[in-house]
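The first chain written gets the first letter, and so on, giving A, B, C and D; residue counts start at 1 in each chain.
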Amino acid sequence: MDVTKFKHHYSIRVRNYEIDWQGILHNGNYLLYFEVARVNYFKSIGISIDERLINGIIKIVVVRNEIDYYNSATFDDELTIYTRTAKIGNSSIICEGIMINEKTKMPVAKNVNTMVWLDPRTNTSMTVPEDFRDHVRKFEGSDCDMQTPTIEV
Amino acid sequence: MDVTKFKHHYSIRVRNYEIDWQGILHNGNYLLYFEVARVNYFKSIGISIDERLINGIIKIVVVRNEIDYYNSATFDDELTIYTRTAKIGNSSIICEGIMINEKTKMPVAKNVNTMVWLDPRTNTSMTVPEDFRDHVRKFEGSDCDMQTPTIEV
Amino acid sequence: MDVTKFKHHYSIRVRNYEIDWQGILHNGNYLLYFEVARVNYFKSIGISIDERLINGIIKIVVVRNEIDYYNSATFDDELTIYTRTAKIGNSSIICEGIMINEKTKMPVAKNVNTMVWLDPRTNTSMTVPEDFRDHVRKFEGSDCDMQTPTIEV
Amino acid sequence: MDVTKFKHHYSIRVRNYEIDWQGILHNGNYLLYFEVARVNYFKSIGISIDERLINGIIKIVVVRNEIDYYNSATFDDELTIYTRTAKIGNSSIICEGIMINEKTKMPVAKNVNTMVWLDPRTNTSMTVPEDFRDHVRKFEGSDCDMQTPTIEV
């Protein structure tokens, strides 16, 4: 699985209580892992979304998740999760994640996650804030931003 | 959202510890809810998969999940989850789920879940067992089964 | 196990994803179950704590939990949780919970939970609000309240 | 809080989805954190209990948990958990855990956990295996083992 486009990675070790009755990482935990990595990704590029989310100053909701599961993981496996922003639209952002098992170097899962900014007062979608766009553009390049202004020459 | 094709539903009440720092049901719980409903769906059509899964006699793994989130849910909301089998392939099965908020009657989320049967000895895909097909065909009709034998006349 | 002092009960069915690699309900879920039952207990006696907690108007924190595990539970078991307030002190409340397996009628676990009211502005303990005391006294009798005023004759 | 008796520690960073509607680490996660640290403690002293647990060769169940909560933790806090074996009885073992917030150096919580060995065939308690005792004695010293043979001179 090609991770060359990804500049951020985060490691998670599978915990005992996340193992299910089949002896493998329960499928519900993958979304949580991808989210933990994504939150860390945003933090690492200068976007701290936690306090403003808790206080209701900004409101970002997940509107779609796709997960493909390639190989199971089990207790104590170290998983590296690669995260990147694939696209910023008007009011939405699409992030991709790839999970690799460090022991086997095999892909474990892939995630495509779409989030939408909501106006906290009206609960309707709003334009992705400019400072957020800036941080992502600086890290990922401007290709991912559908609203990147055309530079006139 | 059209639930007329769905013959099974299951109710879940949102628990306090499932509410996140934004005051809404955390997105990771939706997959768990859909799964709880799906396990109940299989049980209700005569397929008890629990003990054979625990003992490793059968091995069924999730290979893909899609979730669309339409409206957030919050503490104590009663959610009705409609589940059906959309398709049985050679070694895979696709289930659909729709979640409705009983208070607002609004759709909350939709799930498309693909599972694959693995041979427990080789971990390679195997044909969906005939008794499993039978139970699903009886409940859903034979349209969903790609291997339903053509009835010759 | 004697549940005669308990006037409230709540039922929970064990979900598949709560089963651990030993094939039994993971020990971490018991606390969650007792809490779900306790939140329902408070709701049923007229105390709705959810919105005020989310909005930070009141702040109640758990300061101690004891759990004794008597018998394991497994998938699809129906557990009945009995909850009562054992004692209201100046700024704290002690609740007891007993969990019974409906299939075997055997006790599964027991919980003693202590919570403390905090002043949201200072994060220091404050007196349990009078309206809260009233609701509990009405349901449990005044024996549990260490501050119940002596009725003079 | 005195951690001088503890020779093992393990770090956990609080994840976003573990934060509750009050904006703090939900009380149910503490038990999970203490367990993750304890499993790592056993691994680090040479006791790998995972596969034998999954395969049902050994059966160890939690019979009691006590948690005292001293200070709340929140998103992204780094918590260090100190773990030690306090006592090995005939068929039981008592472990202690102390959780410290690395940012504030304040104690967050304390756990006393009692586990019992069960004979997998009969589900009745059995003597703690000698190889397990040996590993613990070597790491903790023989004081913790109630069955440490008196060395005759």
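Convention: a contact is a pair of C-beta atoms (placed from the backbone, for glycine too) under 8 Å apart; a residue touches a chain by one contact, two chains touch by 3 or more.
The structure displayed is predicted, hence computed values, not measured ones.
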Identity of the chain that, by mean CA position, is farthest from chain C: A
B-C against C-D, pair bridged by the larger set of C-beta contacts: C-D
Whole-Å gap separating chain B and chain D, where each centre is the average of the chain's CA atoms: 36
Euclidean distance of C-alpha centroids - chain C vs chain D, Å: 25
Approximate Å spacing (C-alpha centroids) for the pair chain B, chain C: 32
Sequence positions of chain A contacting 2 or more other chains: 16-17, 19, 21, 23, 28, 32, 35, 50, 54, 75
Residues of chain B touching chain D in the complex: 16-17, 19-21, 23, 26, 28, 75
Residue ranges of chain B touching chain A (in the complex, touch as defined): 21-24, 27-28, 31-32, 35, 50, 53-54, 56, 59, 61-69, 72
Chain A residues within the chain D interface of the complex: 15-17, 19, 23, 32, 35-36, 39, 43, 50, 54, 75-76
